[in-house]
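In the two complexes below, subunit A is the common chain; its partner is subunit B in one and subunit C in the other.
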Partner chain A sequence: MPYQLLLNGIIAGSIYALIALGFAIIYRTVKFLHLAHGIVYTTGAYLAYTFFILLHIHPIISFFLSIILCALLGIAIDKSVYYPLRVKKASNLIFLLASFGVFIFLQNLIQLVYGAQILTLRTGPVKEGYHIFSAVITPIQIWILVVSCWLLVILWGFVKYTRLGKAMRAVSDDQVAASVVGINPDKTILSSFAIGSALAGAAGILISLETNIEPTMGFSAVLKGVIASIIGGIGSIPGAMLGGFFLGIAENLGIWKIQAGWKDCISFIILIIFLLLRPGGIFGVKTEKEQI
Partner chain B sequence: MLLEVNELTVCYGTVQALNSVSLGVSEGEIVALIGPNGAGKSTALKAICGLLKSSGGEIISGDVLFSGQSIKNIPPHDLVKKGISLVPEGRRVFSSMTVMENLEMGGYIRKNKKSNLESLDRIFELFHILKERRKQKAGTLSSGEQQMLSIGRALMLQPRLLLLDEPSLGLSPNYMEIVFDKLQEINRSGTTILLVEQNARMALEHAGRGYVFKIGEIFLEDTGKNLLESEQIRKSFLGE
Partner chain C sequence: MEYFLHILIIAGIYIILTLSLNLIVGYTGLPALGHAAFSCVGAYTSSLLALNFGISPWFGLLIGAGVAVLFGIAIGYPSLRLKGDYLALATFGFGVIVYSVAKNWVSLTRGPMGLPGIPRFSIFGFSLDPLWSYLLLVTVFVLLTIFVLRRVVGSPFGRVLRSIREDEIASEALGKDTAKYKLIVFMLGAFFAGIAGSLYAHYITFIDPSSFTVMESITILLMVIFGGMGNILGSVIGATVLVVFPELLRFLGMPSSIEAPARQMIYGLLLVILMIKRPQGLLGRYRFR
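Entry: the complex of A and B
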């Protein structure tokens, strides 16, 4: 058994799970593909770079500052772009295009400010890793795993047990019924953008501890997030988590037998298989009524 | 008057759905709005409960007063705070949440958890089946049980005025009878009820008063009993 590949898969999976979870939380309340989620992820990485490398702020403070700003970015995107479209009752296709527009605009803005070259958050030499079975895990990777798993658990509990979490589920089930019991749908949608975007930001920061960052990093990330979400059952919270890990592990175990260049291809093959054979995902979410 | 609708005119785009409709509901009454499909009874209810905008309608003129205050164009999520709860058409329970969570959501705006528990006791007393099924997902209930849940959810805040949109829609005759009997029971304990109903006979048998809608206007208003006996109504709505 290639333990190293499995371990890499779990680490990549935890990042995918974070992106997918944030995406799912937003998708549940608004029911359209928020592709700009990917640029929030990129922004998270660049903010962490700004605070930690450029401004020399303590890493933990940098982490939280970046996450908060990502949440605010999510709110700003909804308020300035999606909300006016919602008022005009735009179709989902319009939302998708608008989302794509936001993505491209912000990606270019980042490129304008930071340049197109790759940057890194790494300050010293890579520390030697610990050995588990025949695999090696670095301290940074342990951090990534711990923080992402911790966030996943917190979020799951939040949605299941808190008042706001329940309101978010209610809005996702039936917006009219939610407003009838006194839940303000617009406020709930804003909260879901804040929380979902914070998760995307966290994923972006965590990945930048491990790899270099560049302005275009968000696109493949959001695609993986969407794929993970579809595999798990679109809009399902546990589905998004499971789908993320599944995707990460499948991708990394895949290159055991296939050339590494095919890694991205594996996710799309899995996506196509799921769409053909089990469009509702692992958790069998019914999708007839919803259109993308 | 607890609820007053004054000369309300409503349009969907260029199509006029209500033409200067006036009606009133006094404290303690059960009032039914009946009439054929597209006559405007549902539009009237939507205009009262603030759901008009989301269905693309607009109040052109007139006013809606609740205990003297205008509630025209107040969004539904603010209306519940004033003591008006709605049981929407098609029940609209939160299907992925449990019965208990659905009822909790009914008391969402209330900070005082103790009053929620009191409401819950009353609702379970009224609908025993909800207590038995409290851990079940609402989506797995029968349509009759879902209707009870939807009514229970609306009762969580102990509203002064309960609005119901087509409560008998999709129910078996047996459940229709149960639901309407329960509505009378709810009414006796002090809640004023205004309902829109396709099933004119069922509505008039249980309501104190009724308004009959025809092409965007009210063309008859009387007690439920008189309307049931009226020649015109029997011919046009009761199919006799």
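Entry: the complex of A and C
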């Protein structure tokens, strides 16, 4: 068993799970594919770079600042682009294309400001990792695992037990009925964008501790998040997390005998297999029949 | 002058791509986000045939288009089972897979290093090296595409396509085999996109996977939407404007490190504005449902 690949898969999976969780929280309330989620992830990494490397702010403070700004970015995207479409009752496809537009616009804005080259948040040399079985794990990777698992558990609890979490579920079930019992759907949608985007930002910051950052990083990341969501059953919160880990592990074990460049290919083949054969995900979550 | 001809040739190639995508997206209402995959297949097929076996680009063009048709069947297949944004996602996935194969199958495609030295077209021993002659060739193909497309959408076949777009269940109820029509539409679209791909390859004489990214597919889709969904003249205008207009940035004296992202930003902003203000495009009547 290639333990190293399995371990890499779990670490990649934890990042995918974070992205997928944020995506699922947003998807549940608005019911369209918010691909601009990926650019929030990129923004998180670049904000952390700006505060930490360029402005020399303490890492913890700069990470929190970046996460808050990411949440605000999510809200801004919803207010400026999705809200006018919602008023017009646009179709899902129009939302999808508009979110592509936002994505392309912001990605190239980042490229214009920071340049296309790769940047890094690392300041010192890479520390030697610990050995588990025949695999090596670095302290940073342990941090990534711990923080992301902690975030996953907190968010799960949040959606399940708090008032706002319940309001989100109510809006996702039936917007009209929710507003009848006094839940403001627009406010709930905004808070789901804030929380989901904060998660995407956190994922972007975590990955930037481990690898280099570049303006195009968010594209494949959000697609992995979407694929993870679909694997776990779209809109399902535990499903998104499990889907993330499943995809991370499948992708990394998949390149056991072939080159690493085929990772994207593997995950998209998984996507198409799921879309065609099991659109409800592994657990067969019920989906709106009209859409699938 | 050379530069001007070059822009026109590129615009012509994009017009073919936009028209062929308009048949799938605008006339039949199927959201396809992987159109660059077809031109990728067409370009690589005819380039590899020319480079490895010395096959004339004319045959390469046809074979490339034929192989693209096979991919059209593969990409069209999900359209029989999926709808709306999920179909968009699946076709998008195919686009990524084709790009990824072109990039990673190094022994065949040389991966990111690309294929240099692709021969140009020649007629009776005269190479089509001068730009005006190539522009003539591209124009012929553009007119051919417009002719075929007009015949297709004006025929009873085209009426069925529009009925699928407006109400698929109703056209099924009238006894139309919508699955067959959808597959044929994808095959037709792929055929012309394959031709556009090999026209591009034999013009630039160098291809690498970065010319066929999914962003490229979205740019083509933007051209379709901008000009007008389900409108031939719209596609011609949309492709021309969106190819020529960003070139003005270069005249403003922008260095290419700024010009490239600025162009993409304009595209992104335009897509958002179109979706909010005019999702059917300039001349179109149909909008995505």
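The rule is simple: the second predicted complex is superposed on the first by the 288 of 292 C-alpha atoms of A that agree within 3 Å, B and C clash if a C-alpha of one lies under 4 Å from a C-alpha of the other, contacts with A are read in each partner's own complex, and residues count from 1 in each chain.
As a convention for this text, contacts are C-beta pairs under 8 Å (C-beta built on N, C-alpha and C of every residue); 3 or more make two chains touch, one makes a residue touch a chain.
Just so you know, these numbers come straight off a predicted model, no measurement behind them.
Q: What is the contact status of A:Ala198 with respect to subunit B (first) and subunit C (second): first, second, both, or neither?
A: neither
Q: Which touches a greater number of subunit A residues, subunit B or subunit C?
A: Per-residue touch count on subunit A favours C.
Q: Looking at A:Gly182 after the superposition, I want to know if it touches subunit B, subunit C, both of them or none. Which is it: first, second, both, neither?
A: A:Gly182: touches subunit B, not subunit C.
Q: I'd like to know which partner A:Asp174 touches here: subunit B for first, subunit C for second, both or neither.
A: The first partner, subunit B, only.
Q: Using the touch definition from the top, say if A:Ser91 reaches subunit B (first), subunit C (second), both or neither.
A: second
Q: For A:Gly101 in the superposed arrangement: first (subunit B), second (subunit C), both or neither?
A: Touch partner of A:Gly101: subunit C, not subunit B.
Q: On the A-aligned overlay, A:Ile272 touches which partner chain: subunit B = first, subunit C = second, or both, or neither?
A: Only subunit C is touched by A:Ile272; subunit B is not.
Q: Contact-wise, after the overlay, does A:Ile19 reach subunit B, subunit C, both or neither (first, second, both, neither)?
A: neither
Q: Would you pull the subunit A residues touching subunit C in the complex into a rising list?
A: These residues of subunit A touch subunit C: 32-33, 81, 84-85, 88, 90-98, 100-109, 111-112, 115-116, 223, 226, 259, 261-262, 264-265, 268-269, 271-272, 275-276, 279, 290-292.
Q: Looking at the complex, which residues from subunit B come into contact with subunit A?
A: Contact set of subunit B toward subunit A: 49, 51, 54, 56, 75-78, 80-81, 85-86, 88, 92-97, 101, 104-106, 108-109, 153-154, 156-157.
Q: Quick one: which bits of subunit C touch subunit A in the complex? Just the residue numbers, please.
A: Touch list, subunit C to subunit A: 31, 78, 81-86, 88-90, 93-94, 96-97, 100-101, 103-104, 215, 218, 221, 225, 257-258, 261-262, 264-265, 267-272, 275-276, 279, 287-289.
Q: So in the complex, which bits of subunit A are touching subunit B?
A: Those residues of subunit A that touch subunit B are 89, 163, 166-167, 169-170, 172-174, 176-185.
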